[in-house]
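Please find the structures below.
The same subunit A turns up in both complexes below, where it pairs with subunit B and then with subunit C.
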Partner chain A sequence: MSWTISAEQIPDLARGAAVLGTGGGGDPYIGALLATQALREHGDVTVVSLDEVPENAVVLTVAMMGAPTVMVEKLPSLDEVTAPVHALGTYLGRPVTHIACAEVGGVNSTIPIAAAAALGLPLLDADGMGRAFPELQMVLPTLYGVTASPLAFSDEKGNIGVLQTVDNSWTERIARVACVEMGCSIMISGFPMSGLQAREALVPGSLSQCVEIGRTITTARDDKADPVDRTVRLLGGRELFAGKVVDVQRATTTGFARGRARIESADASVTLSFQNEHLIAESDGTVLATTPDLIMVLDHDSGEPITTEALRYGQRVRVISAPSDERWHSAEALAMVGPGYFGYDLPAHRFDGTVDAVAAASLEGAA
Partner chain B sequence: MSWTISAEQIPDLARGAAVLGTGGGGDPYIGALLATQALREHGDVTVVSLDEVPENAVVLTVAMMGAPTVMVEKLPSLDEVTAPVHALGTYLGRPVTHIACAEVGGVNSTIPIAAAAALGLPLLDADGMGRAFPELQMVLPTLYGVTASPLAFSDEKGNIGVLQTVDNSWTERIARVACVEMGCSIMISGFPMSGLQAREALVPGSLSQCVEIGRTITTARDDKADPVDRTVRLLGGRELFAGKVVDVQRATTTGFARGRARIESADASVTLSFQNEHLIAESDGTVLATTPDLIMVLDHDSGEPITTEALRYGQRVRVISAPSDERWHSAEALAMVGPGYFGYDLPAHRFDGTVDAVAAASLEGAA
Partner chain C sequence: MHIGIDVGGTNTDAVLMDGTRVLAGVKHSTTPDVTSGIVQAIEDLRSGHAFAGADIDAVMIGTTHFINALVQAKRLAPTAALRLGLPATKALPPLVDWPEALVAAISARSYLAHGGYEFDGRPISPLDPDELRAHAADMKAAGIRSVAVSSVFSPVNHDLEVEAGRIIAEELGPDVAISLSHEIGRIGLLERENATIINAALRELAAEIVDGLSTAVRKQGIEAPIFLSQNDGTLMDEDYVRLYPVATFASGPTNSMRGAALTSGLETCAVVDVGGTTADIGLLINGFPRETSNEVKVAGIRTNFRMPDVLSLGIGGGSIVDIETGEVGPESVGYRLTSEALVFGGSTLTATDIAVAAGRADIGDPSKVAHLDPALVQRVLARIAERVAEAVDRMRTSPEPIPVVAVGGGSILLPDELTLFGTVHRPENYAVANAIGASIAQVGGEIDKVYAIEPGRRDAALAEVRAEAIDKAIAAGASPKTVTIVDFDEVPIPYLPGNATRIRVKAVGDLDMGV
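So, the complex of A and B:
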């Protein structure tokens, strides 16, 4: 069922997207500004569910690539948002029919809305991850054989590039060094897909889910209820920890915001490790949850999602976890986004603390 | 007047090109292998002088970009040499009519021959510098407002990119980081020019000159004459120093072969500073010559040119210098390729040791 997104829904959508963004995917305030401006200038955007998209549609993803620490300081213009879509459309030599989100996040769910508005194109109610991940190839379409390239990138100065690579990891590698050179934040458009491919490879309903999460938080506040608790129930997840942020180490290196945050309560502490997104939650040597399941930090009382670049000493927060799209738990997917890929010698721990059977088996096999 | 280049001329041409390459532009042995193979497989190449090229010709440069220290270990295939031309031709949407050399050098004069042979296209008897320089924007066409982009790049794995940038320095910056990520050596094709632009902006007759220099060295050997002396006279230059290489510091950093070499005689020494190409020749505090004039190292007896990556302890060599194309001595050109650009606080010294008036004036103005 298609629906229409208007400026009024953007605050809820951006907030919900920042929850699923697991610390990455960009600041919801900036994302909301950008989408609101685009919808006011160009009118509402039609959001189409995956089962409605025509088989022969030409679908492109649009996203901001870079370190969130830099992205918060470089709000793109609408011309910048549409530039890579125009470049890629010209390169493909076919008219683009639909825009899709590569990931869910405060900025990366709203940039595609801005692009769709400015281009007058419908947007898919879907995304490539059901969460955010730091690298470009880390989308479910990669597992379905969809190529990231041709992929176009552009910056605020007017530089444009188009890549055609041998695999999606090479798209990431070349786009990443270009991104760093161009100032650590660029706009990208890629993963050209038919409607048929999009139906198979994307996560359905993500934009609707973002609005629902955002609205749940807003409504809970109005009801004087607990927004965090309602969010946890909506996501089918659990609360891992509540406490105060006492230490944040963060560096912007090789194009990513990498670091660790420690959160303490009266009698325990939790350490979160992140690369743009939260990857590992540990408490005194016990792993509570890891990528690919979702680890999120919300403000203790208001339930407002806190991105990794916004973590500050003294914040009172709650750490929650929720299941990812089940396809992320396949052996092939875990090789791409499991703890091992990010350099942690750990099997994947699900949101409920259980160890992922596939990853545990493969770690035993290797031992 | 057009002429035909065949495999028999390649050794002379590659040797002469390595002389004008001023230490960079790649190893002449590798360059000769590649061009010879292409000419044997695809037949001779027609070389067209600048005054014969049609005004509406579509001219592209073809070159290898990277650190010469890496280029000597990665001989490209013919498919790799033509890949960026095909990619750029498709991007332009117009048939390419002529190939040109971006610079003179052992590899970068022969790669365009290989490309022209494999593509069945004529080659211009010209190049963009009349020597070699380390960065992509350092060609006379930049001074005439010719844009480096659209520029295509490709590697041996099959990765391809096309850049469209706001100026030629940005083409260099993005292509350089991609080059480093792709293994420090890639093929590029760019600087799309009309015949009219090529006539104005390129250095005429460079390929003929390379053959003439190479033949002069070969003939001098046959005549038991001094090849270095004959080369110096042919170039209208002078010999700066003769001695033994006693120290070479060389590192491959940020995609370049950078370093210094010290050459000693019984009673004096010369230090050469290079970034792919020789930039400065100094003797005990006295500057003998600097970029943009040509500084070259030849084997003491055979006159064989020695590239910066091939400099070794114990080699008996002669250091010679010769004038560059006069256009490199304009104030605008010196800002792009003078000693100051490379971090040396020196005015440009011409091959005969005199200080460049323009650079001296601008240094005084700044003081």
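So, the complex of A and C:
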């Protein structure tokens, strides 16, 4: 069923997206403001559910690539959001019919809304991850043979490029270099899909889910209920820990905001390892949950999601986990987004602390 | 000896201090012109404890003038916001998320111009002096009297902001104030820019207020330096206030909390400061107010100041009581309490009248509230206690018991026992805690630089920066034994080689007055 996004829904949507963004995705405020301004200027956006997309639709994802900390300084222009879509339409020789989100979380769930508004195109109620991940190729369409390339990118100065690469890791490598050169905050459009491919490969209903999560949190506050608890129940997850942030260490050697945060309660502590998004939660040597399941940090009382950049000493927070799309738990998917890919020598753990079935099987095989 | 003065919306409090000892404390209604209230407060101090002008080493003033001017959208200068960054940032121009009423109140003009830097210091585009002069001409035609200049990544390189400010000043002349964003805020363009625009809009008022305050103090034969308190409880001198009035914004709650700590002897507690219009609730952790972890909205504008985390309820001594429902506030008679409250012969039922009727306070003429229904009086007080207890419960960070300290003139509205929290501590001089807090205000030293941190050297590097900040605070006049780090912020700058990290450290200590 199709529905309409207007400026009034953006706060709920952005809050929900920041929850599913698992700490990454950048400042949700800027993304929300960008979408709000675009909707006010260009009118509401029609959101189409996956089962309504025509088979021959031409679907592109739109996203921001770069450092979220750069984007809060060098704010974007709407021209640079629409430019890569136009460029890719020209390259493909067919008009683009639908816009999709590559991920949910922060700016990358709201920039496609701004793009759809400015382009006058419908937006899919879906995304490529059902959460956020740090690298371009980490989307479910990759598992279905859809490649990022041809991929177009643009900066605010009017520079535009279209990449046709041999595989996704080359797209990531070349685009990443261009991104740094262009000032570390660029707009990209890629993963061209037919409607048929989009139906199969994307996570359905994710924008509706973002709005529902956002509304759940605000309603719980109005009801004087516990927003964190209601969010956990909505996501079918569990609460891992409640405490105070006592240390946050960050480094950016590999071009990502990598770091660790330690959260303490009266008698225990939890360490979160992140690379833009939270990847691992462990407590005194016990792994509580890992990527690709969702690890989220919410404000202790208000339930407001806290991004990894916004984590600060003294914050009172609660750490929660929730299951990710089941397709992330195949052997092939775990090789792409499991702890091993990010350099952690441990098997993937599900949100409930059990070792991922596929990872467990491969461990037994090795033994 | 030194004098601490806190000018609130309702009352002007003043204390005469000898070190941390209160020699005299007085409370006076805030006068519409503010300075005559200060003059009276100092005169009252003098009658409480005689002193000569030359005995005074310093006068510390905490004022809500500036934040009130913004909240009420009054006395703000016609202001232009100029941002350097084209062709970037067009989607979200300056003033993008401001309440319309405030945009109108400052007759705001918004301009985008070329300039700004990339994250690594490369220019986005060169400055275009002709473009800036054209903008300046438009500002002049529009009657702009104050300009806020912001630039993309000015915390990394502020050269273009300085240069653009110079060109604009050249066109507009010396009577137009220029505020530069890198001097006011941190990374985060919109928030820094917003704070700069607020600052710009307050510049004219700042000159007026500082002149007024110093005239009032000098009239009392006091030639000692005058300081104003900043958000973090540290002091700034007159000249600094003229340039950066926005730095006074949260000094009210900071002063009351620190005053509560000094007078109650409690370092960790919840402080309920009940004034004429609001009850402000904050947490004091080890003697310092807990700060908000989120962006702070001031008058509906998003900024990134570090401010004490304060929950304000519309309950104060001047709050108007609804005789039907028994609800209190948020409307207040403010400084007109002494003419409008029933006990002062007025015709408005205020929370103070309720306190007098209940025998909690002896103010004005109790016979004028003798007719109030005792059931109503009890209902109103119970409702106030319930709302305050609920608010303290929301502010505390764990179910652990935490002592509650009540300060401010309006704290007579609070019971001696609060549900969940037990005894309410009422320190001596509770009514003038704000002024005491202002009087113990401190001086600080701040370091804000980009460092290349070598792997494995983080702890050592941080220790060096901390030491540098402490030295700076001591150089600014802090007594060395009292200096501590109160603010620490570490932001890595991604994609720069060598783990480049922006570090801000603020060290604070008591002003060394040779006592």
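Rule of thumb we're sticking to: the second predicted complex is superposed on the first by the 360 of 367 C-alpha atoms of A that agree within 3 Å, B and C clash if a C-alpha of one lies under 4 Å from a C-alpha of the other, contacts with A are read in each partner's own complex, and residues count from 1 in each chain.
In this section, a residue touches a chain if its C-beta (ideal position, glycine included) is under 8 Å from a C-beta of that chain, and two chains touch if they have at least 3 such contacts.
As the structure is a prediction and not an experimental result, all values here were calculated from the model.
Which of subunit B and subunit C touches more residues of subunit A is settled by the count: it is C.
Touch criterion met: A:163 reaches subunit B, while subunit C stays clear of it. In the superposed pair of complexes, A:271 makes contact with neither subunit B nor subunit C. In the overlay built on the shared chain, the residue A:97 is in contact with neither subunit B nor subunit C. Look at A:177: by the touch rule set out above, it reaches subunit B but stays clear of subunit C. Overlap of the subunit B and subunit C interfaces on subunit A: residues 157-158, 180. Residues of subunit C touching subunit A in their complex: 85, 87-92, 96-97, 116, 118-119, 122, 124-125, 152-153, 187-190, 290-291, 293-295, 302, 394, 397, 458, 488, 490-496, 499, 501. Interface residues of subunit B facing subunit A in the complex, by the touch rule stated above, are 87, 91, 157-166, 170, 173-174, 176-178, 180-182.
Subunit A makes touch with subunit C in their complex at residues 29-30, 33-34, 37-38, 67, 69-70, 72-79, 81, 114, 156-158, 180, 183-184, 244, 248-253, 255-257, 299-301, 304, 306, 310, 312-316.
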